[in-house]
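Okay, got some structures for you below.
Two complexes come next, and they have one chain in common, chain A, joined by chain B in the first and chain C in the second.
So, the complex of A and B:
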């Protein structure tokens, strides 16, 4: 068993007003963290690279709450009355749309960034709960194809490991235009993770840093994307749904263009979305949060009257059933999870299991300059719990079957949370959640989500 | 929180009594809906069928007197007493909702996904009079029928598209239809004789009808569309 983190009890730092107005007075513009960053850059001469997603506080689904039923609306019973979670993606053009039991999918994470055991565990878990998983920037591994009943094959700018044989083995295709963690930027895999096998799949030399392009080599803009999509459809006999994944920036325009180019499904990845490795400056300063992104994307689909034909998948920092319910209420058809299932697998856990014995990994986290609960060190390849690594020693710390069980438990719990909220809103189908079921707790969230501030009828920016 | 009643007269000999039979039925529903009430009554004028709608704020008894419902004649009628839930107490917000000249709908319950369906209908050019959830169902059925569905099919589409709780009574120039959601927890009773089909949210609304002792009385099953045609 991995071990749960202790709950935080006290504030780690004194509040700002407790800081003395003497020689230790803190600068707001140059707090110790900024000073440390400048010192590091002066020392090393390059930007910081790390994994995970944006770490700063952003407006999020936490700023929304549900108006559940009472007298004017009636709730559904928790155990007796069914709340449907089935979800179909890709019904626009594909002859074989993806049919999911739950509206929660596993996002693309590359074999290379993740270990084979981690990919297998994610595939096994997704299959057990009736959902899909996604390849990533590095091709389709045999293990994950075998483990995943429904596998989405990504087509990324790098085209690492992208080939016709695997394309035909996929259940859906996802053209990745951008990622929420780094919209407009390319991928990165540092040399320490480029094992012989990873290098082989990517047809690149082992041990050398690999950068993925930020643009596709054969198309730029919607006109050429249209041709690319058609090419992929032709190659797969118009059977497989084609998703287009966007990093959330100019969401309204991008969603419309993706639809115009022929997408069956649009995936919008918000600013909180994770990654294996990119520049910290990118993670914290590019794109818009998932909350406004889902609202804009849903509005764009409605504007062009495609919300019933093109499905919207939303990702970026989704953790719980309430996050899923709020995304669905704002117009998503499904969500995609990346970091959260890794945490379920054991990411950031203090301990790992090996041969039935629990081992403490704290020292290994510390060697990376972090602590359990704070780690974002995927890029190092030295993942203390065997998830984001290609080192056979470390990889052995993750047992795929045990990891899969944890991810299954996690996904089931999230689904139960989702249906609990939907039933309380009087819905017999989670897809019947609507923006009118939500209010916002902050003015910012009200403006971004386009729902009233709690206790008022006021939607900032809306004419009444 | 509402009361609904309806009467479909098969026997033309009873047409003269439509209003006098329906008014006491509506009055029985006062406690379920004291805010406003309304009726839609159908009668023939030569070859034409005419639907008249009466609705107002106040108690059913007052409204029936104000519009002299007891003296009205015709072959069918539906009525509704309203206890407002999420929209205002006004005449416009009162049932029946009549999106076309021949279609009337009364609803007891509460839909939980009507905002989404309303958005779709508005985009298709439908104009709403109120923010009432029942109006969405009425316009939805009218829209389905304009697109070629018969009343039966349109009601079945309601079952597919609308979430929440509902007992619906819908009439057209020739039909009288009842539908309940899958939970069927909003009450409904139907009594049928050779002379009429009567509907009430509660049994006592039917008690004043002639020949009730011989009627087939049943509670409509969930998710079944019941229709009677002239």
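So, the complex of A and C:
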């Protein structure tokens, strides 16, 4: 006999204006958010554009845990013993590889999408902790170059503001093939953020909604890419490392093709990667999560015996030292952070500082239809804390020096978390973390990361 | 037939690597003249140069010839591969032959003259440069072109000027079809003067400036609301 499930506790009669309990039964296929989305589409007649990244639950580094040392492994002292974080990127062909003090870099975000103050703060912070920052879709701003000791110059399909003089000023070049937030899709900067200065840098009229192309204008396939990379190297005397950035989709093949094309560094950006603006349908339904992407990319490099020559940088939803440690253990040489440093800068903060006084921005968030801690309205240009805006009044809400201090603190904290975990695993260099240090907490994560399910020797899909 | 002039420097691709050729070109003093011989389709010749020299390439060359250039005047006596003059900033490139795809892609300035035909996507993503093609251009030419001028002395393929911004395209021959948001506009007196100046500079003698079509953006896709009808 099947035991009956307990009935819900009897409740008081609902008030007249309250929906009866049975009427609140949630539809799995049409939950309230789906109904709201359909209603919005019926009202507006177009897809939703927003910033941030995927908001759905995805398998992630949270689904892994470290097997730190005990008897079978020898830990290092957690605070004092040296744990190396120095990282070299671009040692394959470039005569001047990038040398970083930490394996944590700042990802490409455009001036245009971000304010000049935000770009300056990120560059200042990256310089202070000995790492690199990256331009974005819109060219190299003078403030960013001045603030950044190590600056990676992106070569994007749009080629907005791309020029020989800035190419020579760069410390490395990143050819952006795709982005984790929107692999296969072009960029977008809505007209309200296209100020006179932004428009001038991009050679477009102020106020237009800028569509960045989804494919490069001058090459189309891997054989062309090889020649394109050679062109950029020739134009810079083979000094600067050339990165190739991929949105994580067919990672194995794409990584191999990027290496065959001559990349010094491959950057793989997972599905949790952020953006200033794109279609919601892209953010939630394209690409694969960062967790399987890093494992596939590392395996691809091993398969072609290039893991010691080509460095792997992984990005997409990385927030903490544990995320960094897990990415490195799965085979990354470094990680790249975008949304997290923006949060450190003040993104989604309830307050902002101006003239030494703290102001509450809650009402400004609400005017955008959101709340502090939930905001993904970068695309509007009405950022309540002065980060994702070109409005001078709003931009003044971000003090670049104060913001840089917060980002420095954040990056230092992440590095401390990283080295703490590495030491506990007995590693004197964070790059010595390895898959064997990890187990998975879910079957899905075990399969995606290629590490055993915790408490077992089982890696789903692997022959024993 | 290859016609070359006296050169201060001769660089033979049969004897030199691309790196050696480009490094030698980068060292040329302003005002000097170099000749590259036996290119045999070599890619990436004369890329990333910012000196005001003149360079002749005596034969067919490969991809990205003169790419990223900011100063030199380059003449190719032969055909060129993909993306000749891509991201050109200033200076000029003249091709006495045909060009393959993406000629002048993303050129921000300078002048690219092709005396023969160009293939697909000529003038794609143009950002202020001037691309003058004596012959035909292939499909998707002028795609997402933002500023500058594309002049076509022959016919244009399908989807000309798709998603144009501010670039103006002049076509002397037939247009197979226009791309999204491109339209033919009335030719003004200013346009005629512009075309006359351009054909004079290019040395084209087969184009009647008063008998070209002006193609420009209808600007219906400049803002997102236009997507309601899924025109993209």
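Operating definition for what follows: the second predicted complex is superposed on the first by the 443 of 464 C-alpha atoms of A that agree within 3 Å, B and C clash if a C-alpha of one lies under 4 Å from a C-alpha of the other, contacts with A are read in each partner's own complex, and residues count from 1 in each chain.
In the analysis below, a residue touches a chain if its C-beta (ideal position, glycine included) is under 8 Å from a C-beta of that chain, and two chains touch if they have at least 3 such contacts.
None of these values were measured; they are calculated from a predicted model.
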{"item": "Which of chain B and chain C A:436 touches, first, second, both or neither", "value": "first"}
{"item": "First, second, both or neither for A:454, with chain B first and chain C second", "value": "neither"}
{"item": "Between chain B and chain C, more extensive residue contact with chain A", "value": "C"}
{"item": "A:368 touches, of chain B and chain C: first, second, both or neither?", "value": "neither"}
{"item": "Chain B versus chain C as contact partner of A:73, first or second or both or neither", "value": "first"}
{"item": "Which superposed partner A:428 touches (first chain B, second chain C, both, neither)", "value": "first"}
{"item": "Residue numbers on chain C that touch chain A, as the complex places them", "value": "18-19, 22-23, 26, 43-44, 47-48, 50, 62-64, 67-70, 82-83, 86-87, 89, 102, 105-106, 108, 121, 124-125, 127-128, 143-144, 146-147, 163, 165-166, 222-225, 227-228, 232"}
{"item": "Chain A residues touching chain C - in the complex, by the definition given at the top", "value": "45-47, 49, 158-159, 162-165, 167, 190-191, 202-205, 207-209, 211, 213, 217-219, 224, 227-228, 230-231, 234-238"}
{"item": "Contacting residues of chain A [partner chain B, same complex]", "value": "69, 71-74, 76, 81, 302, 305, 308, 425-429, 432, 434-436"}
{"item": "Chain A contact footprint on chain B (complex, rising order)", "value": "1, 85-86, 109-110, 112-113, 115-116, 119-120, 123, 163-165, 182-183, 185"}
